[in-house]
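Accompanying notes for the structure given below.
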Amino acid sequence: MMKKHIQAVAVVSAIIFSQAAMAQGTKNAPVISDAEGPIKIINLYDLEKEASTKVAKGAFGYVEGGAEDEVTMRSNSTAFDKKKILPNGLAGIDGVNLKTTFLGVELASPIIIAPMAAHGLVHKEADRATIRGTQKAGTLMAVSTYSSVPIDDIAKSAPGAPFVFQLYMSKDNAYNEYIVKKAKAAGAKAIIITIDAGTAGNREADARNNYNYSVATPNVSEFYKGKNITQSQARALRKISFSGEDIKFIKRVSGLPVLVKGVLSPQAAETAIAAGADGIWISNHGGRQLDGAPATFDMLPIIAKTVNKRVPIIFDSGVRRGTHVFKALASGADIVAIGRPALYGLILGGSEGVNDVFQQLNKELTTTMILAGTKDIEAVKQNKLFDPEKQEAR
Amino acid sequence: MMKKHIQAVAVVSAIIFSQAAMAQGTKNAPVISDAEGPIKIINLYDLEKEASTKVAKGAFGYVEGGAEDEVTMRSNSTAFDKKKILPNGLAGIDGVNLKTTFLGVELASPIIIAPMAAHGLVHKEADRATIRGTQKAGTLMAVSTYSSVPIDDIAKSAPGAPFVFQLYMSKDNAYNEYIVKKAKAAGAKAIIITIDAGTAGNREADARNNYNYSVATPNVSEFYKGKNITQSQARALRKISFSGEDIKFIKRVSGLPVLVKGVLSPQAAETAIAAGADGIWISNHGGRQLDGAPATFDMLPIIAKTVNKRVPIIFDSGVRRGTHVFKALASGADIVAIGRPALYGLILGGSEGVNDVFQQLNKELTTTMILAGTKDIEAVKQNKLFDPEKQEAR
Amino acid sequence: MMKKHIQAVAVVSAIIFSQAAMAQGTKNAPVISDAEGPIKIINLYDLEKEASTKVAKGAFGYVEGGAEDEVTMRSNSTAFDKKKILPNGLAGIDGVNLKTTFLGVELASPIIIAPMAAHGLVHKEADRATIRGTQKAGTLMAVSTYSSVPIDDIAKSAPGAPFVFQLYMSKDNAYNEYIVKKAKAAGAKAIIITIDAGTAGNREADARNNYNYSVATPNVSEFYKGKNITQSQARALRKISFSGEDIKFIKRVSGLPVLVKGVLSPQAAETAIAAGADGIWISNHGGRQLDGAPATFDMLPIIAKTVNKRVPIIFDSGVRRGTHVFKALASGADIVAIGRPALYGLILGGSEGVNDVFQQLNKELTTTMILAGTKDIEAVKQNKLFDPEKQEAR
Amino acid sequence: MMKKHIQAVAVVSAIIFSQAAMAQGTKNAPVISDAEGPIKIINLYDLEKEASTKVAKGAFGYVEGGAEDEVTMRSNSTAFDKKKILPNGLAGIDGVNLKTTFLGVELASPIIIAPMAAHGLVHKEADRATIRGTQKAGTLMAVSTYSSVPIDDIAKSAPGAPFVFQLYMSKDNAYNEYIVKKAKAAGAKAIIITIDAGTAGNREADARNNYNYSVATPNVSEFYKGKNITQSQARALRKISFSGEDIKFIKRVSGLPVLVKGVLSPQAAETAIAAGADGIWISNHGGRQLDGAPATFDMLPIIAKTVNKRVPIIFDSGVRRGTHVFKALASGADIVAIGRPALYGLILGGSEGVNDVFQQLNKELTTTMILAGTKDIEAVKQNKLFDPEKQEAR
């Protein structure tokens, strides 16, 4: 009797999980951008509107949309408004410095790119342009398991550019081992295990647009090449939930630091650290997975208290402003990641567009840091935000 | 001097209570649906808009509308947003199971259909199609006193399908005894006494549409057949308030478990349990009765604390999402009932439409359970929601 | 240098206070209603829209408008939503009774008419029709100092109808004594001293409409007849603030109970009671005076605690629903007054329209009382509202 | 790699800081007003709309706009709604007096003009008309470093009118000393050091309008006349953050009281007082600098507690109503400053328009004081506001 809804879940989750299906290549190729060059940015919210006109509706809906009523998605950005930054013109600083260090790499600013599958959905140069833009900005990209270009090609597109690799784990450890070793060989500085996508979120834009994600995922297809695997076998391989053992396994076979992404509770953070996680990545997948989950910014101070500086915290979901970056850092984050805005920059200006998105955030963050009297990222982390509800600074 | 408003109340309340009037059959028959077949559902909110185009305006207004300013009605759904679900990708589960047991019956999911009068107002097959849809979904329907089809016909329409019977009590215990025995004979698993409709709510859509509910209520008319009863005598028979004695009486004459529906305070729950109630049904009648009453979800944890697992809690009003079902279960409910959405499914697809409404909720609940790391209904009940106001999980 | 704004205040306050000016009679007579007969009411909010089409824009703006941004005015009605009524179907009541007693008079319901100047602005029969409507409803009207018809004519229009008289005090005690004695002679049951209109509120609708209130105020003009008084002398006579002595004086010269209207703080209530006030009338003048003042419903429980049943509490401002009446009574009020809605009834149906407004509220209050399980006004007063913020009933 | 965003910041900050650039005079002269005469004011919000039609779009956008999403800007006005004024008709007062004293000068009301650069951007008579309007109103103007007319000309335009001088400090103390001595010579009663504009806020209206501020700043250009200074040298001279030493230096070289403007935290207030500040000016620059900063009214009571009457508090940002002035005074402010509304008055009516803006606020404040029963400014300061959240007066 429940057959029907199981099928429905399967259809949707197939978008992300049916690795074999993805290996079969692109059909219904959407209209995609091939722009390359600097772009004018007023702010990242406006960028979304502008980008929406440049790619096919279904593809854009896939990128832009969130789960169900998008309450969680929208709350990600509005949650930042709950805390206020106290200007401080009497700090006596004479400039600001945005540099920071992550995974042993010096970054020009504490902003990196979160893993996303859809670079090849919206731009011809796909992840290659994104990493070049990230390199221009002096920072770091997370490459998705489902990157549209093989990970070694991405690495070669921007020699010397640091990157990390995001993993959607399979029940098949041969696959898992194969893919992380490939990432390490390509030069990945760390592996990110995503734990919040055990099934695909219920993104209604796709249903409304009758849209089916169908971009080649060469990292996956390479592993399955020649192997005879049916769609239903592939589907059965998806791993819907994770454990400390998974973290330990990936650490062992990769020999790389492992970050756990999709943490949204102190308990999950504790479990991950106990299993050896080298970093906690707070995320609700940009509101694309569980509508009804809290905003990441609402959970950040609570999780940071549990993590207690044992490992670095990476924070994403809803970041659109330099003040958001500032508030996240001041609430316990060490690094802040952006998702969709990078794709909008990619759509509008290729690698230069991606760089311009970083520069816009850097510009806003610089202004914020000067006005708040915080001379560097460490000072931002020490800054006490003001909570109007409690009538007191943190 | 108060004559006028007493008349006005009488006119409105006559819709539900003047049993004799109802026995006189349908006039001004509205345009109704005869659809039968699977339907496409994006979500249950959209379903309402779609269904609104398929039946007469007055009839749809009767189904869709709430009391007065509809503050209570709207708050029922928005109240769920106040609590958040913490995703948990590190639970190590390998699948989810929605099955549960209620009144000794195994249900495919914890979602049932609340009692409603209006099946025959919107669909030719009326309650018969609804119970067939419910049976397809592997769950249970509550049949209203004012069902549009005699209860034994409903039972025969879906042999073996479990159902319960809802009772609007009369001051005439002969009537009360007659009707619950008839329900028992037809196979009802329990009797539900509705206590929140001692007079009809002030539903303005009906006044605006000059709409008068007038669908035959054969369960009632059968009792009055041949008896010579005037409208004003019938009106005088309506029971406007209830007591523990009523609960005891119905238990005794029916020999069935009795659930008390329309509980919205710990005090009422305590009174009902003290009188022997076998279940507490938290409801504000979908916001159709007392505008100014709290959202059911706001009262659920408070009542659950009082009930303290002595009897099961059934919860309704405002449930439109799998996350709503999840949050209700995590806040103390054992079973969740839906009302209007089942009628929308009925309007659009008959029994298949009703089943599709269940499957949509099951699909959403499945996704939610996977992402929250809860493997079964018991785990959902143990789940701690996050309250952003208190910055802590339950 | 401040000359200009003093003039501006003077111009506006002249509307209410320059008694001599008012005594000079009506010019620029507005279009007014002469309707008489029953009206259809969906609810009192809708009534406002309907009435707005029947009288001149400037006059309607004067009636409908509030001070400045109308934040206080709008908050009066929305404040009621903060508290919830818990339905109680297990109270075992067998009917409800709305009767109550006020100033020794039995009223059909606890709802009366607040003092207003503008009856003659909107209807040809003016206060005469209003008191006839109030009499039909079995309740009581407060007649304003600035009634458009002499108080004795109002009394004669509805022989036997109880009424009270509202006083805008002058610095000239001869005037004050004259007018309250006239009211007593006409049969007033009590004198209401208004203390919240020491200067006119800043009602921008009037400024936008270039509207100047100019309806004859015969109670006032009769006193000044033959006396040679200039506008500036009259202006200097307005009393901008009051004291316990004023209350004592009016009690002494009138020999009637004195109610103090415009109380919005516990301190003012205490001062008034200490000076011998026989009732506390909580009001913010329907949001027409000080924008930035709290909603009356927000202050009611706090003031009721201070009053502690020493004298009755009359409550007004923002009452548009039976549930509002219920919530006010359950929060400490003994009597609830309505203002603008009575004028809307008057505009649309004369005395019958006024009565219909009462019947609408009575109907809604009856429904609410049945559903809340409160059999009479005393039971309503004992009822505990639910405060969702505190997660507990009062 | 960060070159680009550094340039961007530089371009924007050049608007305020590149003193040499400013010294080069106006190009792209905007359409400006030359109105002079009394204006009709309904309220200051409406004035903005009216004024917007009288000057070039880019110029108006510069005046009206705030930083980024304008959350801080809008919150400045809405924050006042959180506290309520309790009317008090039983205070027994017989009039109100708005006079107060500031810096040894008697003012007709506690409202002054905040420093602004843009007088010459919107009106031909520039700061000269503004100071004449301020003089008519019996109050005081703060003249900006970037006034469009030399400070001595402004002083001569309104002989005897009190004024203070606002300073944007340079790293070049010769400049700082020169300019404050010039201000003192012109008759300034005090120096205001602005500490919240170490870089220009990110005002998107300017970016959207492709607008570049370019009005002559003669106070600055006079200093640089004949000196050979490049744009980049000028840029390097901007002081981005301040210290107690700066306050001490300005006190010493000016021999005038020094007020510190842009304080938004208790810590900054303490630092300023410790360095000898003679007044604390609470401001967020009208929401033009750091979007994400709290509303000034939210910080006022907290800062006032720290200041503890050691020095006077001047308050600005978002003041549009007499009730705002009242609430600020009742929360710890001694003087309230207005910014944009004065420019709107200037645009619409020159010096008379500026005066009318003051009279409108005075009129509203007078009404508020009468209704609140506060006879003078001292009584307003003692008044206890009502906080609905806490259900208690301050």
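As written, the chain order gives the labels A, B, C and D, with residue 1 at the start of each chain.
What we mean here is this: a contact is a pair of C-beta atoms (placed from the backbone, for glycine too) under 8 Å apart; a residue touches a chain by one contact, two chains touch by 3 or more.
The shown structure was predicted, so the numbers you read here are calculated from the model rather than taken from an experiment.
K.L.:
Specify, for the interface formed by the sequence copies subunit A and subunit D, whether it is same or different in terms of residue numbers shared by both sides, with half as the dividing line.
P.N.:
different
K.L.:
So, comparing C-alpha centroids, which chain is the farthest one from subunit A?
P.N.:
The chain lying farthest from subunit A is C.
K.L.:
Quick check: superposing subunit C onto subunit D on C-alpha atoms, how many degrees is the rotation, to the nearest 5?
P.N.:
C-alpha superposition angle, subunit C on subunit D: 90 degrees.
K.L.:
Determine the centre-to-centre distance between subunit A and subunit D, using the mean Cα coordinates as centres, and give it in whole Å.
P.N.:
Computed from C-alpha means, the inter-chain centre distance equals 43 Å.
K.L.:
Can you work out the whole-Å distance between the CA centroids of subunit A and subunit C?
P.N.:
About 60 Å, centre to centre.
K.L.:
Which subunit D residues touch at least two other chains?
P.N.:
none
K.L.:
If I apply the definition of touch given earlier, which pairs of chains qualify?
P.N.:
Chains touch in the following pairs: A-B, A-D, B-C, C-D.
K.L.:
Would you tell me which residues of subunit C are touching subunit B in their complex?
P.N.:
Where subunit C meets subunit B, its residues are 42-43, 45, 80-81, 84-95, 98, 108-109, 136-138, 321, 323, 326-327, 355-356, 359-360, 362-364, 366-368, 370-373, 386, 388, 391-393.
K.L.:
Quick check on the complex: what are the subunit B residues that touch subunit C?
P.N.:
Contact set of subunit B toward subunit C: 1-2, 4-6, 8-9, 68-69, 71, 194-202, 204, 207-208, 240-244, 260, 262, 264-265, 267-268, 271-272, 284, 289-294, 298-299, 302.
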